[in-house]
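Heads up, the thing below is written out as structure tokens.
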Amino acid sequence: MSHNTFGHLFRFTTWGESHGPALGCVVDGCPSGLSLSESDIQPWLDKRRPGQSRHVTQRREPDQVRILSGVFEDERTGGPVTTGAPISLMIENVDQRSKDYSDIRDKWRPGHADFTYDAKYGVRDYRGGGRSSARETAARVAAGAIARKVLGDGIQIRGALVQVGPRRIDPARWDWDAVHQNDFFCPDAETAEAWAEDMDAIRKAGSSVGGLIEVVVSGIPAGWGAPVYGKLDADLASAMMSINAAKAVEIGSGLNAAALRGEDAADEMALDDTGQPRFTSNHNGGVLGGISTGQDLVMRVAIKPTSSIRIDRQTLTKDLQPTTVSTKGRHDPCVAIRGVPVAEAMAALVLADHKLRAAALKA
Amino acid sequence: MSHNTFGHLFRFTTWGESHGPALGCVVDGCPSGLSLSESDIQPWLDKRRPGQSRHVTQRREPDQVRILSGVFEDERTGGPVTTGAPISLMIENVDQRSKDYSDIRDKWRPGHADFTYDAKYGVRDYRGGGRSSARETAARVAAGAIARKVLGDGIQIRGALVQVGPRRIDPARWDWDAVHQNDFFCPDAETAEAWAEDMDAIRKAGSSVGGLIEVVVSGIPAGWGAPVYGKLDADLASAMMSINAAKAVEIGSGLNAAALRGEDAADEMALDDTGQPRFTSNHNGGVLGGISTGQDLVMRVAIKPTSSIRIDRQTLTKDLQPTTVSTKGRHDPCVAIRGVPVAEAMAALVLADHKLRAAALKA
Amino acid sequence: MSHNTFGHLFRFTTWGESHGPALGCVVDGCPSGLSLSESDIQPWLDKRRPGQSRHVTQRREPDQVRILSGVFEDERTGGPVTTGAPISLMIENVDQRSKDYSDIRDKWRPGHADFTYDAKYGVRDYRGGGRSSARETAARVAAGAIARKVLGDGIQIRGALVQVGPRRIDPARWDWDAVHQNDFFCPDAETAEAWAEDMDAIRKAGSSVGGLIEVVVSGIPAGWGAPVYGKLDADLASAMMSINAAKAVEIGSGLNAAALRGEDAADEMALDDTGQPRFTSNHNGGVLGGISTGQDLVMRVAIKPTSSIRIDRQTLTKDLQPTTVSTKGRHDPCVAIRGVPVAEAMAALVLADHKLRAAALKA
Amino acid sequence: MSHNTFGHLFRFTTWGESHGPALGCVVDGCPSGLSLSESDIQPWLDKRRPGQSRHVTQRREPDQVRILSGVFEDERTGGPVTTGAPISLMIENVDQRSKDYSDIRDKWRPGHADFTYDAKYGVRDYRGGGRSSARETAARVAAGAIARKVLGDGIQIRGALVQVGPRRIDPARWDWDAVHQNDFFCPDAETAEAWAEDMDAIRKAGSSVGGLIEVVVSGIPAGWGAPVYGKLDADLASAMMSINAAKAVEIGSGLNAAALRGEDAADEMALDDTGQPRFTSNHNGGVLGGISTGQDLVMRVAIKPTSSIRIDRQTLTKDLQPTTVSTKGRHDPCVAIRGVPVAEAMAALVLADHKLRAAALKA
């Protein structure tokens, strides 16, 4: 029942603040015998790393991960493999300019967790948001890399940004290759160009904007997940909603399901070329009754605009004095962009857990 | 890590199938000394009960609840109070026409969990959906009534249906009193009338339609919930997504948050008439950083159209023979209607748990 | 984190008071496809049932169990099998003479949980001990019968009483067949006769006596359990100590391990006739580092004398008035006797859980 | 359900191997506002640290702890206080002579977890026992120091060694001050001298010996703990049995309870000088029905002799070749000695958790 642990059988616990000496996580429940070294994790962290385009924060964090436990030389290959012991991962914080934050020490920034942390804990590490900083998500991405190892190569987890502000991609132009060819993880090259212009204006105005992330998972067999309170989609909803700034989660047709009629929403079944069952549509996003159908899992998470903006907003000091606040630090004008690898990681973490949970019932 | 248990400190475990002898739940972790008898639970079950208008299923279930443990006479009042022991609730199934279901014994109904249960378990109680039936939600509503007792009178949990099919209410006409004056829990009397017509046509066509439920909770103090993986909104998302047929969950501005700019999304702070902090808007739906702000908690859950329709859909038999299926039984043409008390109950259950979790940290 | 739930993957939640209408449990996480009917459970309950000899309580409870959910007809055999849904078991209370208990309503009986329940909850179902009654263990035995199904026929769980008061059996005379041929589950026929005399005297004196239960489990493969905080022996210790009146738990050599030297305690390894590894002794009771060795699991639990005796003891009323109390009801003079099937059940329940946990790591 | 996490509300997760770069833990669920720095933790680690007398291992580990997260400057005092965020503690391993271990790389050492880890995981960090090394207990002691902070000064947790090999202390000579005046945490100065002679002989012989640890906790109010499966004594049993080499756990009279008669085992109640309830004896060790009575909590844990001895024992290689093994490394001849601060820490950790659990029910 930890507030900083996610998962049941495959689980991870994160720790660390934005401006502390380091952050990290402990991954527990990982099966033994999986080849694992830092080089399996680093590429995913690099994908999330700040400073990779003008559209994201210019903070410079190398985000180098170090494995402190849980791997050992395999007696056959000599290479490092997981031993079944907990895997401790650590990332040192390097580019912390704590002096930037003295101004907000005593103010509650609108949209941030300043007021609520003070209400709950009575003490708050105000430097860069402390524990509530999106910097915590680096630990999720690192853990997610291990989750991908557990899932194996047969399962593909891919995320994309499908909306920035009011502008949404055209699904007809969806191209997974495009995702790696622009600064937005955008699967629609044309829309990516429009976003670049939108973002320049927003950044110049000192403002920020929200976005919508879609994650698609291929290769999950039918039968993962569980009924009632162990539903795969309920766990994915919790995982996605736990991402900083998330405000909505959709599975399959999502919100649009409310508008449909039964005959249109039904995912009919037929036989594929090999005589195996297939669905002729995927309104349910790959889950029925909380259990995977074998189709692609499809989910979306809406991210609100970054709360740190250069535009003055009205607020209060901790002494209840009205004041205004704006944020001078280096922030993402659209935190949803770097949220894509985080959402992918959370999907991987949920699914690795459910892979183990499904295996348990085959005992 | 049970698939049939929800909650951490205040928790409940449900059991029972649609056409078994009974269904019920065990509520555990309830503080002692709360006055509790069947009459505290029955009204909420009655609200969810089938057969109350032409727009819902005509199945006739009295849904009489019985308390089997966990209460005892209070030595001062003589009335029944909770003792801190687990509270076992049981509801007998009465109107089960199992013979109706022989036709679907060997077919996978589109949109239902038939295929996935077979994939996962290899055996399935096909009568009325068995464990995957929405009948299970009666147990949630019963448990939710106890959760309300834990929360106390200062906290008000109210649900409403805000969309049926493509037709959404006009928020400007929102009237909580109206909710109890139509067959839809609709807060907008004018829209309720339009829905009645819509529904008559849908029912006549043997079809069904989706809907959107909104739940608003007033009276939660600032400081409930927790960071990172214990977020109040993540737990609410999981709770709402666990409801049968749910496909999306929104908190506050929800999906619309993606379209906003930072200066518009910020919930600014000011002082109220008594010199206490107040927010001038509630885009965040009463949660910041996973912790309650003291504002109203606002959430919505999208419910897909009932999968049981009288219109033929293509599917397969368990022997992989193509066939068609339609459902003759007595079903809700819009399951979102009776979902309103269920969504309220789930909100109550999450919040009772978080009330206890918040208290623990004050140790 | 429930106080009334035991286990992680295979888990059960019990409910009910000694003098309520019924007691029961919900077994969750049971794999599907196991044949299960009341007749698989009843024999174990009968073994624990009161009134079977003059040495146990004369309360007459039929302890008829009823399965309310979680089983359905198997399509091949037609017989009932588990479906993967939660299994609700109920046992009605029949022989409750609540009037017997008015005398102890306001007194804290020494050795009982009266004082501590009042301290914790402020309200107490005083009839027969309410929730703290050993009657709750009927639910454990019922759940344990399902755990045995999960474990399968290859795993044998056998309990015996090895000490009553100061008189211990002679291990050299251990005979498993004898266990079923006396009133004490005693594996040493000669000692059983001595106990019968001891017990007659104790019962006549209105006194009671403690005992020591040993449980031996054969057929567990090497590799169940886990390091550090998931240790098989730690989970067994918790399970055994949760039995009413338990005061000590031993694994293998147990307390005597403190007195040994390293060379004597080492369980050396050699090859058996088939060239497989075997241990030449079992001081460790079948567990090393929290993980099963493949040897017999050997554990013992010490049970204190029944606290309900006919001999006056000094105590206080709830109003803090000094008084004396003795118990007139029908009680077990040695509760350890009927504790044998309970201890067996707890071992089965721990092991079924660990079977599933081991399977999960093979994902 | 982690194998490396202990506790429910106040919980900690440990990681690290004996010869990895470091070991540590993440403490989660700690209330905010508690003053905490390394100097609060280091003294307890020093107490457990190797090399402090000739009777313990001569490995030289400074065991310097570092706090990496979860504390921040208090705005009033300026000193560090807990923030409610997870507290990450790290201890670097310094004196690892991994070359010592090549000899045992392919042998299963009797009494160690070598065989079972291989059976479970198929890969094993053989250096110094890897994850199964008692070195992991340093993390427990560090976490235990934080648990003591949660418990506060009113609760006193004291451990002592009461038996080494067959020689037990004389309880009549119990003196808590003596515990700090000998190399054994022995409360009986006379016995400590005899043990010193015993130990010199054992060490000289290359052998080892077991021991019995007693922990006494004063100041716990009545009402902590819970019935059935959340029993305080069951949780203590699990905690104590999770300590490396533990084979038995006793509460109060423990194993001896089996030999008692009801009238002798009853802890009678009377009034103390202030008119408050008191017990006239403590056979139950401060727990009734799983709930604290307000008396001293008394528990004992039996520790088997260190399995690493210089005397040849028969065993097998991983290739199933018979061989012998003896251990040349620097080991504790009686690991129970340094187990005393570990057992204290585990008691503190259980009780901090139960303090929070008790507070939750007062919501």
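Note that the chains take the letters A, B, C and D in the order they are written out, and that residue 1 is the start of every chain.
Here is the rule we go by: a contact is a pair of C-beta atoms (placed from the backbone, for glycine too) under 8 Å apart; a residue touches a chain by one contact, two chains touch by 3 or more.
Note that the structure is predicted; figures quoted are calculated from it, not measured.
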Chain labels contacting chain A and also chain B: C, D
Comparison of A-D and A-C (more C-beta pairs in contact): A-D
Fraction-based call for chain C against chain B, same above half, different below: same
Rounded Å distance, chain A centre to chain C centre (Cα mean): 46
Intercentroid distance (Cα basis), chain D paired with chain A, Å: 38
Touching two or more other chains - residues of chain A: 1-5, 8-9, 14, 29, 32, 84-85, 117, 120, 131, 227, 357-358, 361
Of all residues in chain C, those that touch chain D in their complex: 1-6, 8-9, 14, 108, 110-113, 115-117, 119-120, 131-132, 136, 163-166, 202, 207-212, 221-231, 233-242, 246-271, 275-277, 280, 283-285, 287-294, 302-309, 311, 313-316, 320, 322, 336, 357-358, 361
Chain A contact footprint on chain C (complex, rising order): 1, 9, 29, 31-32, 84-85, 150, 227, 355-363
Residue ranges of chain B touching chain C (in the complex, touch as defined): 1-5, 8-9, 11, 13-17, 20-24, 26, 28-29, 32-33, 68-70, 72, 74-75, 81-88, 120-125, 130-131
